[in-house]
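In the two assemblies presented below, subunit A is common to both, partnered first by subunit B and then by subunit C.
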Partner chain A sequence: MITMEKLKYERPVIRKMNTGLMNKFGTRTEFEPVKDIDGVPVKSLIRQFGSPLFVLSEKRIRRNYQSAVRAFNTRYPKVQFAWSYKTNYINAVCKVFHQEGSWAEVVSGFEYRKALGNGVPGEHIIFNGPDKKPGDLLLAVENNSLIHIDHFDELFLLLSLCKPLNRKPRVAIRVNMDTGVYPLWDRFGFNYENGQAWTAITRIMESGKLNLVGLHCHIGTFMLSTSAYAVAARKLCDLASRCKEQLQVAVQYLDLGGGFPSTNTLKGSYLPGIDTVPSVDDFAEVITTTILDYGFRPDELPLLILESGRVLIDDAGYLLGTVIANKRLSDGRRATILDFGVNTLFTSFWYEHKISPAQDFTHHTEDMVLYGPLCMNIDVVRENINLPLLEPGDHVVTHKVGAYNMTQWMQFISMRPAVVMIDQGGQPHVIRKAETLDYLQVPESMPDHLK
Partner chain B sequence: MKKHAEYYLQATLNSYAIVFFSQNKTLAAIMLVVSFFNFHAGISALLAVVASLVMVTVSGFSKETAKTGLYTFNSMLLGIGFGTFFNFNQAYWIWLATALLTCIFLSVTLISLLGKYNLPVLSIPFILTFWLVLTGANSPINLGLGQQTSSLLFEWLTGGLGPITGLSSYLNGSGLPGYIGLFFRSVSSVLFQNNILAGILLSIGLLIHSRIGFSLLVTGFITSCLFNHYLRMYPDGISNYHLGANFMMVAASIGGFFLVPSWRSYIWAVFTVPVSFLMVSALGNILGAFDLPVFSMPFCIVTLGLLYFFLLRVHAVKLQLTPYQFYSPEKNLYQFLNVRERLQDLQYVKLTLPFMGSWAVSQGYDGGITHKGDWGKALDFVIRDADGKTYRSGGTLPEHFYCYNKPVLACADGTIEEVISYIDDNAIGHVNMVQNWGNTIIIRHAHGLYTKISHLKKNSAKVKPGDFVKRGDLLALCGNSGRSPEPHLHFQVQATPYIGAKTLEYPLAAFTRNGSYVNFGIPAEGDLLQPPELNYQVKKAFDFKPGYVATVSSAGTTETWEVFTDAYNHTYFFSKETNAVAYFINNDTKFYFTNFYGDKDSLLYLFYLSAYSINFSDHPATDFYPLNLGINRAVLWLQDIVSPFYSFIKLNYHSHAESGANGPTINTTAVSVVGSHNQAFLAAQIGIEDNRLAVVGITFKNRSIQLQWQSKELF
Partner chain C sequence: MKLKPNIATSENGFIFNPATGDSFMANVMASEIVNHLKKEKSIPEIRLLLLEKYDVEQQQLDRDLDDLLQQLKEANLLD
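Then we have the complex of A and B:
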């Protein structure tokens, strides 16, 4: 006897027909279930590691890195990437990038120590950011790292720190500038247009205590215009040539920072990101031609450093989750409650994340709201999304979540989930365990009178 | 004063040793001593050499040449000849002086005359002069020269030197079995003697000088004796004079001196013996009419004839003439082997990859798709990702291909000869068979050396005919024009400036192949190529331009080294204190030493060993030293004997740059490999600070030395 799985019950809905006539094929949607990641079934991942669950594809990370390097080093002879730790500093992730040849770019003392711990040689660590503690600076000086000075007070601090030392720290300054993209990121570094940057450079040179080796800028994040990078590169080149002409210092590198967008869709954009954002190749073309055409002597052509984070890892990360419940809102809209919310998927504050069902579904779709599990009104994963109908216990896959989520996530009401990396052979490895109550309470201490 | 004395001493000794194609002082000293076995001959030879040297030097001939003994060794032979043939009397010294003048005159002129044909002068000046003297002495006019009583030919040395005489006559009388005794007597005949003791002493000297040379003398001897044994040309045995001065010398000069020793040169050495037989008997017959001995004329004629014969070859394929004379068959061989592998920088124009980043060879030489026949020696390049694909997003448009629109660079300095830039790029899968090369740029690098790069993007050319481009200048962008179904680059070397010219087999230089550095090589299909990323700190530290001066000190010793260029534009370090010289090449991606001359106790020698081969990129450099470096002398002597046929020693070198807090450090190790036995004999750390060499720590033969650097540039 042939047995057949019982068909799912879906509550009937009345829907306005928008386009086209009825035909014998019925209506179909463009949705496709995402049942596996790099060949590993979503079901088995959730069964094994729980839900929600972050999944990273090592293969994708490596391919992204290799293709970004290819975009630059087939156009420019001296290119170096430095992995932006704040984007995702789980050690296993960092190690993948370092294995591929990436340096480390850190913005705090603990990130700096993390990079050292990951085996990055001191001279391959770039120390950025406005908050470098004296102890961190000393450690960076000791390890001969590249210190990117953010403000005058930091410059003065560094000068006073290295007075008793018998070595010249290698430094660069961060420069901010008008690249035609607003708002200006002028809170970081020294301004180019008003001469602050040049003042900083001359201060450094006159001190005789510091070794000016590079110039750094980082003009913004999720930049959607390539031309801004042409302006930035040109202004850095101008500064470099001024250093050469007036101070007889050949700057060894230009660090154009990061800011390249991933193919996520920003909230409020009209078209999906995948169709609108420029590719790494587009940025590479603009940056490299600007520097190559500038007219450096071939033997003084500066090393080009890039600190990309997001574009290298965003699409290598997935967040798997499970439907908790469905309900109707007062206005009749369908609402689906998932087991992950904005505390876990921090980027849902600014992206309209693509979310796919992880199992087969019928051809009916409906506009709905996706809520997280928090007992907070702000916990909205998608305010409005058209999806096939999901049932409690169904799984979903959130795409392009590799950047910033695993560093900006919060333990709030629910704990932070496990992170799994699928290696190039299709083998999943836990690279960060799910948090537990014990872990959460480790730093707590109880005053005696409350015991 | 000291310099003068040194010069005369060295030139005098060389005048002796060079008779056996040597500059070995031990051999020279032995020859000098042996020449005094016949006191008359010995003193005449020594005086003749010194007088000639003074004359040549004062007259202003090249001191460098005079130092090698080249001008004066014929005078030495003349002195010995006079002393052997004539009695001391007043006329003797007058005629010796006269003959000497003639001999020097002949030496200088013949050296220049034959030099034009790259031929040596050998002992021709002596032979001609002595024929003159002999003919004069035999003429009715009385020159007053009294010939020694024994004969016109050779004197059996019996009288004179006390204890040595006893041993000498014992050896001559009975001692050694026939052929061995004959061998030593033959060796002694080169100094006009017929003396076993002299032969033994000379043989010891020759063995110290060269194992290969000695083995060739033995080869010549055995071949001659066998030849005579079967043909019975001389039923009483060959005279020791002809054996030594002609047959054995021919074998040694052809087999190991003028040719690089190999089994082929040994075959030629054997082959020269019958030719010399013919020459000796024929010349003997002719000259007999004039009562003149043939001396070593057969040797001269056969050697010169064969040399000229070899020189006329268009392609010296296997049998190689010695390119630079080190006056030692071993050195010649080891240097030749070393140089053949290492010095391609002097042989080829350095053509680097015409692109940036990592590209794959999609069709190599004689690839069979389009690289066929006369157009076979070409390379096609594409960019591939880790999955082996050349495109993304479907690959339906040229823009999807990784290589499309990428910069194409000049592979070497040159003048733009031809630019075609108006041909449309094809749609994917279509080819343009009419303008099959597509957009093309041709550069002229040297007379008869052009490179062509094709299938460029329409209107992307950044150069025009007549422009001068430097290596690495942007030429155009990669496209899909011509016979190109998908974007790729076509690169070829050609001898003529025309589009559609035949291809030329020519190596590319300074690239990495599948991750390891290649100095010169022809890439094969499937290879992943990338220009090496240079470490500019290392590059600057090893940028030794002429005028660079370094003061290098180590525990009490200080040497001043300066960089010079020689007449051939080759650069070398010269150590002022020790006169040591170390030649090097810097080809912009690599620094390496090519040769060292002089004092092996100098600091420069240690630097030569330590910095033997340095890559400016982070790729390890592997190299090997010439075997005559001689790490273990006993083993080396064994190797010397079989070296023309087989080599069982290797002296491997390895260096690798490592980044450090103050700058990069280059770690180098050297290992001697004998069979399966490895022994490290050198380890060095070359420290670089502020783009300059700072300190070199060397452990060599269990001795640790620290070289401290101070450099400045002279302008």
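Then we have the complex of A and C:
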């Protein structure tokens, strides 16, 4: 008996054809499914480690780091990167950066201890942030770390702490300034324009208890203007030169902080990030040119420190997920529910993340809203996206999620998923396990009368 | 569940409503279903035809047929 093989089925859809102005950018962005990450099939990753799942590419992290270092090294003789722990402080991630030669930049006591635990020598840890506890500061002093003072109260605290000690901590001040961009981050550090920064420097010098070794600024985040860094570098150079002339102190380093953007697309942007964001080379060019042109003697050229985070890791991170259900909203729009939401993909509040199906699809697409699984109205992963038809059980790959998600994520309704790193040989390793109910309840305790 | 009598369809999935001027593009499945509707086939009849021809579970087909009818209704193509 001959049996006819049945034809491949696809969910029926119709799509209204709009007349009017042509959209020169087109609507469709996904032409190829993303079936693997660094050669490891998405399906097998999910089968092995569950869904949702964060995946990091070690190869990409190293390449990003090396190319950023090259961008600066080829333009300036003394450059040092310090990995911004808050961007992603999973130890395996930090270790990759430290292996590549990066110092650590931390903003809390626990990050500081993490850096020590990761084998970073104390003198290669930069301690930033407005909340350094006395115990943390003492630890940093003992380890000869670089303490970047944020406010006068911290300066006086540090002075009182080191009075009984026979040590001269190495310090810098964080300087905030007008670089022509909004918002002005004047909540951190001492202001340049109103003279506060200079007052802090003179206080440090007058105390005789602290060793002023550097000047630091961090002018913003996801900066789309390179010229702001030229202004910042010039103002730090001015301060350094004033230190030399008036206080006879040669500042050893200028720390320009971070803030370089990744190629993610910010919400509300007309053009995709990949077309609009300046490259690390663009930033390197303005920063190094400004310092080199300033007129330092060659033997007094300060070390240039950068605390980049996002730009080095965002595109090395992927979030794999699974479609839970499809539904139709009251106005006829398609809604698709995914198994990861804003608690896991925190950056979906800022970015229009690129999301690709992980399996073959036809050329038909639908405009849809992508929701997370939380029973909360704000759980929207993408408000508007045009994707091929997705079915429950299908997998998706969210791109450029390596920065901040694995530190700002929260356990809320659903647990935080596992994180896997694919090594340079294409081997996946769990670098953080998925959370469990037991893990979640470890810090809880029950009063006797409720037992 | 009837398609409006004046709706024009083509074999490659083009749907045109001359009363409103709206046009739509249907994928293969939607196009086939719309053409069945145009021939005044009932939903149970269409369902049987599709189950025989395509590799699909009945439950999924039922769900998707409901969804397509909802889309056709939203598009103002049903009587």
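The rule is short, and it goes like this: the second predicted complex is superposed on the first by the 427 of 451 C-alpha atoms of A that agree within 3 Å, B and C clash if a C-alpha of one lies under 4 Å from a C-alpha of the other, contacts with A are read in each partner's own complex, and residues count from 1 in each chain.
The rule is simple: contacts are C-beta pairs under 8 Å (C-beta built on N, C-alpha and C of every residue); 3 or more make two chains touch, one makes a residue touch a chain.
What you are looking at is a predicted structure, and each value in this text was computed from that prediction instead of being measured.
J.: Please indicate which partner A:K267 is in contact with in the superposed arrangement: first for subunit B, second for subunit C, both, or neither.
T.: A:K267 sits against neither subunit B nor subunit C.
J.: Just checking: does A:G332 make contact with subunit B only, subunit C only, both, or neither of them? Give me first, second, both or neither.
T.: second
J.: Would you check which partner chain A:Y76 touches, where first means subunit B only, second means subunit C only, and both and neither mean what they say?
T.: first
J.: Who does A:K433 touch here: subunit B (first), subunit C (second), both, or neither?
T.: neither
J.: What is the contact status of A:T362 with respect to subunit B (first) and subunit C (second): first, second, both, or neither?
T.: It touches subunit C, and subunit B stays clear.
J.: Go through the superposed model and pick first if A:L7 touches only subunit B, second if only subunit C, both, or neither.
T.: second
J.: Under the definition above, what is the set of subunit A residues touching subunit B in their complex?
T.: Listed in rising order, the residues of subunit A that touch subunit B are 62-63, 66-67, 70, 73-78, 121-124, 143-144, 285, 292, 298-299.
J.: Can you name the residues of subunit A that touch subunit C in the complex?
T.: Contacts found on subunit A: 6-17, 326, 328, 332, 362, 364, 389.
J.: Which of the residues in subunit C come into contact with subunit A in the complex?
T.: Where subunit C meets subunit A, its residues are 15, 22-30, 32-34, 53-56, 60-61, 64-65, 67-68, 70-72, 74-75.
J.: Within their complex, state which residues of subunit B touch subunit A.
T.: Residues in contact with subunit A: 355-359, 383, 385-386, 392, 402-403, 405-407, 470, 472, 474, 531, 533, 536, 539, 659, 661-662.
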